[in-house]
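Shared chain: chain A. Partners: chain B in the first complex, chain C in the second.
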Partner chain A sequence: MNFDIAFPQTFDEAISANENGARWFAGGTDLIPLLKSDFVHTTRLVNLKRVDELRGVVETNDSVRIGALTTLAELAGHELIRAKYRALAQACDLAASPQIRNMGTLGGNLNQASRCPYYRNNFPCYLHGGDKCFMRDGENREAAVIGYHDCVHVHPSDPANALVALDAQIVVRGREGERTIAAQEFFRAPDANDTRMNVLNADEMITEIILPNDSENTRSVYVKAMDRAVWTFALASVAVKLEIRERSAGDSTRLETACVVFGGVAPIPYRELRVEKMLSGKEWNKDLVTQGKFAVLQDAEPLAHNAYKIRLARGLLKRALRECLENA
Partner chain B sequence: MPKLVKTKVENEGRVTEEFTWVETPKTTVWDVEEELRVVGKPIARVDGVERATGAAKYTTDIQLPRMVHGKFLRSPHPHARIVSIDASEAEQMPGVRAVLHAFNLASNRFSSTRDFFQNPVRFVGDEVAAVFADSDNLARAALKTIRVEYELLPYVLDAESAAQENAPQVTPNGNLLDGKPSTYTRGDIEKGFAQADVIVEGVFTTNAQIHSSLETHACAVDWDGKMLTVWESTQDVEGIKDRVARHLKLDKTRVRVIASYIGGAFGAKFGAGKYTLLAAQTAYQLKRPVRFVLDRRGEQIAAGQRSPTKQYLKLGAKKDGTLTALEMTHYTNVGAYATWSPFVEGPARELYACPNLQTTGYTVFTHSFPFAAFRAPGFVEGTFALESMMDELAHKLQMDPLELRMKNYSSVHPESGKPFTSNGLLDAFQEGARAIDWETKKRRKQEDGIVRRGVGMASQIWYGAGAPPAYAMIRVNHDASATVLTASQDLGTGTKTILCQIAAEELGLPFERIGVEIADTQMGPFAGASGGSMTAASVGPAVREAAADAREQLRHIAATFLKKRVKDVRIENGIAKARGVEKPLAEIFRELDNLQVVGHGSRYPNPSAYEIRTFGAQFVEVAVDVETGEIRVERVVASHDSGRILNPLTVSSQVEGGVLQGIGFALLEGRVVDASGVALNANLEAYHVPTIADAPKIETHMIDRADVLANNLGVKGVGEPPIIPTAAAIANAIYDAIGVRFYDAPITRDKVLDALERMEIGA
Partner chain C sequence: MTRIVKSDERVAVELTVNGERERVYIEPTRFLAEVLRHDLALTGLKVSCGMANCGACTVLVDGMPVYSCITLALDCEGRSITTIEGLSQGNDLHPVQRAFIEHDAFQCGFCTSGQILSMTALLEKNPTPDEGELRHNMSGNLCRCGAYVKILQAGMSLSGAERGE
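Take a look at the complex of A and B:
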C-alpha cells in the first residue's frame, strides 16, 4: 500500500486536491481499515484535518451550525449541543470507543462504509459490485428488518438517527457548488443498481450540519442497544424529538409533535411516522408510556434471525419516552 | 541422599509420568496457623510499573537490525485440494527472501499429525504459504501475488453432522479423535434412573470462545552461528526450546528461549507454532533475524479456541435431592486439528457423589477452527450445562439450589474413592451464601417491573495441584540481596511477585531485597509450562526449597562471623542474630568480598494416597430488562478454595479476570460462522470481549486455608477455577429473575428477546 498524502489548508484547496482518484479523509478511522482491507484503492490521500473552516460549532439566530470536521468527542461534550440537542450529544457519546470518538468526525461518521460482516469479509456482495446479498439468507442477526431493497445491511451511524430526528440539514459542496439536503433525504438504501448509502456525489463533501433553533419546549433523547455495554454498533437504537406544551398554567401538558427515528433496523435512519402520529397530540404523562400501544415497525419483514429487533425497538422507544419524562 | 523418582504428573486431567530429581526436603509445610511475614500479604506486582508505563519489552517489541518478516497466506476454503501454487512473482520481488509452501518445503512435517502446509487444507484459515521479506508491508504485498489453484472438496462444519457415517472426511483417520467416543461408566445407569423420583433432561450448546490475547502469537529469532535465540510469547519456554532444537537438529544447549512479558495466553500459547519453527529455520538458513507475528485475523481463526459443544444431560434424583443417576453425552467440535480432547465430562464425573453415571464424549473433527486449551478447557463448557441442569432439578424438587448441592457433596473423590488433601467446597458455599445474602434473596418473589433482578449460584471443581519436575535456584548476591532463578514464566498472573515473596519469607530477607529472573532458559533451571493452574504449586515449593538451602548456608557463614553455634543463628529481615549479637548480612557480605551463595531446590512428588482439587462457588446477581432484553450482571461473589493465599492482590486479579472471561462466555463471546465456513467476526470489533463497562462488582472471598498435605506452601492453583462456574451462575440468576432457562451460551440479546416474546413476558 503506497500513496502520497496532501494536507490542504482551505476548502478550495481540498476540492482541487481531489482528482485522479484521490480520497479525502478526516479522522481516518474508517478509511484506513478500508485501505488495509484492499476495499479502497488510491495512490493519493487528502487529509482534511488542517481545513479549519470546516470545524467547530457556531450558534446563529435561527440555527446551530456544526462544521463537518468537528469530532464526535467534541460534540458529545459540547455544552450547547448537550443542552439543546441532547439526542445528538448522546448519539456521539454512544458511538464507537473513546479513541475513535477523539479522531472520528461528524462528517466522516455520516459517510462511513457499511459494517455488514459479509461486506467487511469481502464476500462479492452488492456493496462490492457483486450480484447477491449474502447476509439475507446467511448470518442475518444484525440485518435490516425494514426499509431494505436488495442489500439488507443497516446504516451504522448513531448520529445519523439523531440528525434525522432533529430535522437537521446537511450542507455539501462540490465542484458545482453547494447544496443543502434534509438529513432525512440524505441517506439511501443501497440496491443492486446503486450501492451508495447516501446521495453524495463523488466530488462532493459534507461541509456543515445545520440544526434548527428549536423552542424551549423541545427535548430529545437517543437510546441505543448493543451486544455489550459499550464499543459496538447498534443492534437497534432510537432517536426521539418531542415538542411538549403546557396548555395553560397548571393544566396538563400535551405532546405537540413527536419525531421517532430508529437506527440499526434499516439501511437508513428509519422514521416511524405511524408512531409519531399516534403520539402527537396526546396527554404527556406516565400513562402514555405505560398504557400506550406501540405498534412499531409494523411493516417489517424480518429475516430468519432478526425478528427480535422489532420488540427491541419498541422497548427502546418506551425507554426513550420515559427518559424524556424523567428529565422534564 | 537425593534420588531419581518417576512420578505421575496430572495437568488438566491428563496424566503423564515424568522423572524428577528429588532432594531430601529441607522444609516442612507452613502450618495453617503459621505467622508469615511476607507470604499472604497484599504486595503489588514487582513488574507492575514497567507493564503500565510501556517499559516492558514484549515479544512483538523485539526489533533487530536486518530483520526479516514472516507472513502467512491462508486458505479461503474450508476443504480444498491445492492443485498448484504459482509464487514466481513473489519470489522475484526485491526484498522477498523466501516463499515456502507444500510443494517446495524440504520437510513439510510439522508434527506427528500435521504438516506445515496441509494439503488438502482443512479450514478457512489453514496455512497455504509463508512469505519472508525485508518488511512487513513487502511480505503482505508479496502474499497478494501468489496464485493458488484449489479443487474444492465437500466439507462439514457441525460436530454432530461430522460424527455421522457418511460425513465428508476431515482427517485420513476419520472424524472422531481416537476413532471412537470416550466412555465412562460407574454403577448402573438404568437402575439409577429407575430409583429416581424426578428426572430432568436438557440439551445445551456452547459457542466457541476465542482467547483474543492482546499480544497475538509471535516470535523473533536470531541465529548468531553458535546460539539460536528465540523470543516467544509463550507459556512454556522450555517446551519451545525443546521443539525448536529438534526441528533444527541443534543441541538443546544451543537454543535459548525468552518470554520476559506475555501479552495474554490463556492456554493458547503452549507449543511452538508453525510460525515459530518456520521463523527459526529461515533465520538459520538466511543468517538473519526473523520476526513472525500473527495478524489479528490469523490470531482469531488459526491460533485456537475453546471448542463449541453440544451436550445432552439427564439427571435423576430422589425426592430429597439425592442424585441417583447422571447421563451425559457431548459432541465437541475440535475443528480441523486437535491431539487431545477438552474434558467436557469432567465436572459431571467429579463434582457430585452420584453413584450411577455414564458419559459418552464425541470429540469431532470438522472443517472449522482448531481447538486449543483455553482456561479450564472443557470444565467451563461442562459446568455451564451441569450446573444449569442442577438448578433446574432443584426447582423441580422445590428445593433450594444450594441445599441440593450440599446434599450431593462428595467428601471423597467420586471416581477413585481417595480422600482429598483438602476440600473447601462447603466453606465456599457458606461464605458465598453469607456474602450475597442468599437466604433472603433466594426467597424474594419474582419481580414484575421492567427491570427484574435475580440471584443464582454454581459450583466448581478443578485441578491445580502442581507437580514436578520444577527446579529453582537462589543466588545470594554480593550485597546480600537475592535473586530467584527459574525457567518458569509469568503469564501476567503475578508469578514473579509470589516467587519473590516465598524467597523473602524463607530467606529472612526483606521483600525489596529479592529479585527474580524467569522466562529465560539460559538463566534458570527447568520449571515446566505455566498452565493448568500449576505454576504457583509447582515452582513455588521448589523456590522455597532453594531458599531454605541458601538460608542454611547463610546461617553457617553468619555463625562463623558472629562466633556462635549455627543452631543459634537466625536471619530476620536481613540481619543475622544469635544470642544477643547481631550483624546485617549486607555487612558480612561486604567483608567477604566475592563470596557467592547459591541455593537449589526441587519440587517433590505429590502424595499418591490423595486427590488434589480446587473447589469453589460463585453467587451472582443479575438484572434483566424485559423490554429491551438487556442483561446486566450486577454483582459476583466468588468464593474459592485454592489452599493458602500467597498474595491476595494477585489472587483477586486472577478471580476478576476469570469472572470477566466467564461473563464473556456466558453473555457476549461467540464465533459467527457463515455456512461457507468463513468466520465473520475474526477481529476485536465484531467479536465482543467484555469491556470494563460490562464488569460488575466482583468480590473475592477466598477460603484461605493451607492445604498441608499438598506441598510445602499449602498452595493450590487459582488461575482457572474462577472462570468455571460463572456462566452457569449467571444463567441460573436469569432464571430466577424472569423464569426463563437458557440452554445456549452465549445468552445474547436476540435469544433473550425471542424468549421474552415467546413466553409473553413484559411488554
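Take a look at the complex of A and C:
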C-alpha cells in the first residue's frame, strides 16, 4: 500500500482531488481490506469524511434525505427511519457486525465490492479482468440463481434491497455534475465486457439517498437468512413494502400494492414483479399468508448446489408478510 | 484548499488516548492498531486477522467500538480513543474486567481486550441489555476458544435487567 490521502471539505474540492487512480474513502470497511489484500491498488484516497454536505438525515415535505456518509449504525438506530422505513433500519441492523456498522456508511455499502470467495481469493475471474467465472462450476452454494450473466456472484448489500423496495432515489455527483438514479436502476449484473456492479462512473460519488414520504398505510420489513445468526452475508433475504387500506368504509382491508425485493439470489436486488402482482388487491389477513401460493423466482436457473435458495426465498417472503401482519 | 498528505510524508497527529493527549508522527498508511501498539506501547490490543473480521483489535473511538486494524490513524485526529489500558483505575479493575475474571470468560485471552471494550461500550449506552441485545452487540468479536457462554454470563451479571433494575 502506497497512497496519499486528500482531505477535501466540499464537493467541488473532492471532485478535483479525485485524480487518476484515486478512490473515494469513507468508512473504509470494504476498501481497506481490499487494499491490504493487495489486489486493489490506488495512488490516493480522497477522504470524504470532512465534506459536511454528505452528512445528515433531513425530513422535507415529500421525502427524507439521507446523506451518504450516514453510518449503518446511525440508520439502524434512527427514530424516523425505524418508524417510517423499517425495512431500511432492519437491513442496516442485520448487516455485518457492530464495529463495521459504526464505521461503514450507507454510500459505501451500496458501492461495496463482490463477496464472491473466488474474487476475494484473487482467482483470475471476470471481476479481476479474467475470462472465466470460477464459481459457476465450482463451490456455487452461495451463488446467484437468477438474473445473472457471465458472473454468478450475488450482490452483498442488505440495505440495497430495502432501498429498491422503498422506491428510493440515489443522487450521485461527478465531474459532469449531478444525476439522480432510481435505486432499481442503480445496480447491474456484471458481464464479461463490463464488470461494474452499479452504474457509477469512476469519477462519481454517491451523495445522498432520497426516500419518498409514504402514506401512513405503508409498512415495510426486511428478513434475512444466514448460515449463522449474525455477522455474515445473506444466503437469501427479502425486503417487502406494502400499502394496506380499506377501500371504502365497511370493506375488508386490502393489500393495495406490494413491492417484493429478494437479496442474496441475484447480482442485483431482485424485484419479483409476478409475486407483487399476485399480492396486489388481495384481502389482507392471515389466510393470505398461510394459504397464499407464492410462486417466487419462477424463472430461476439454479446451479448445482444452490436450488435451495428458491424455497428459502419463499419461506422468507411468508415470514416477512407475517411480520407485517403481526406488527399492524 | 484540499489538504493532501503524501504517501511518504510523516505528519504530526494529536490523539486523545485514554484521556491523555498524545502526539504521534505517522505516514498516511499507518493503521490505528499499529500506532497504538508500536508508537504508544499499548499492547493490550491484539491484531489477529487484520481484515476487520475477528474483533481482537477492537478499541473505542468516541465511545464506539471500531476495528483499529482497518482504521487509518490519520483519520483519528482529535478523536478520543479508549483501549483496554484505559479502563482500570490503577489496580482497581473496571466492573467488566472483574466480571470476566469472576465468570472465567476466556481461555487464551487473545480476544479478551476487544470483548471487554465492546461490552463496556454497550453497557455505557444501555445499562440494562437483555440477552438478545448483548449477543447482538457482541457479535463482532470472535472467540476461537469458544468462551461465548461465559462471556454472555459475565455480561448478563452486569446488566441491570438481570438484577431487576
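Just so it is clear, the second predicted complex is superposed on the first by the 324 of 328 C-alpha atoms of A that agree within 3 Å, B and C clash if a C-alpha of one lies under 4 Å from a C-alpha of the other, contacts with A are read in each partner's own complex, and residues count from 1 in each chain.
By definition in this document, contacts are C-beta pairs under 8 Å (C-beta built on N, C-alpha and C of every residue); 3 or more make two chains touch, one makes a residue touch a chain.
Please read these numbers as outputs of a predicted model, since none were measured by experiment.
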| item | value |
| --- | --- |
| Chain B versus chain C as contact partner of A:I32, first or second or both or neither | second |
| Which of chain B and chain C A:N102 touches, first, second, both or neither | second |
| Which of chain B and chain C A:A307 touches, first, second, both or neither | first |
| Touched partner set for A:F3, first chain B, second chain C, both or neither | second |
| Which of chain B and chain C A:K49 touches, first, second, both or neither | second |
| Which superposed partner A:W231 touches (first chain B, second chain C, both, neither) | both |
| Shared chain A contacts, counted only where both chain B and chain C touch the same residue | 1, 229-231 |
| Complex contact set, residues of chain A against chain B | 1, 38, 117-118, 120-121, 123, 134, 138-139, 141, 225, 227-232, 235, 294, 305-308, 311-312, 314-316, 318-319 |
| Of chain B, residues touching chain A in the complex | 137, 141, 144, 625, 627-630, 667-668, 672-675, 678, 680-681, 685-686, 688, 690-691, 693-694, 748-750, 753-754, 756-757, 763 |
| Residues of chain C that touch chain A when the two form their complex | 1-7, 28-29, 50-52, 55, 58, 64-67, 70-72, 74-75, 118, 135-140 |
| Partner chain C, residues of chain A touching it in the complex | 1-9, 13-14, 16-17, 28-29, 32-33, 36-37, 44-45, 47, 49, 73, 96-100, 102-103, 229-231 |
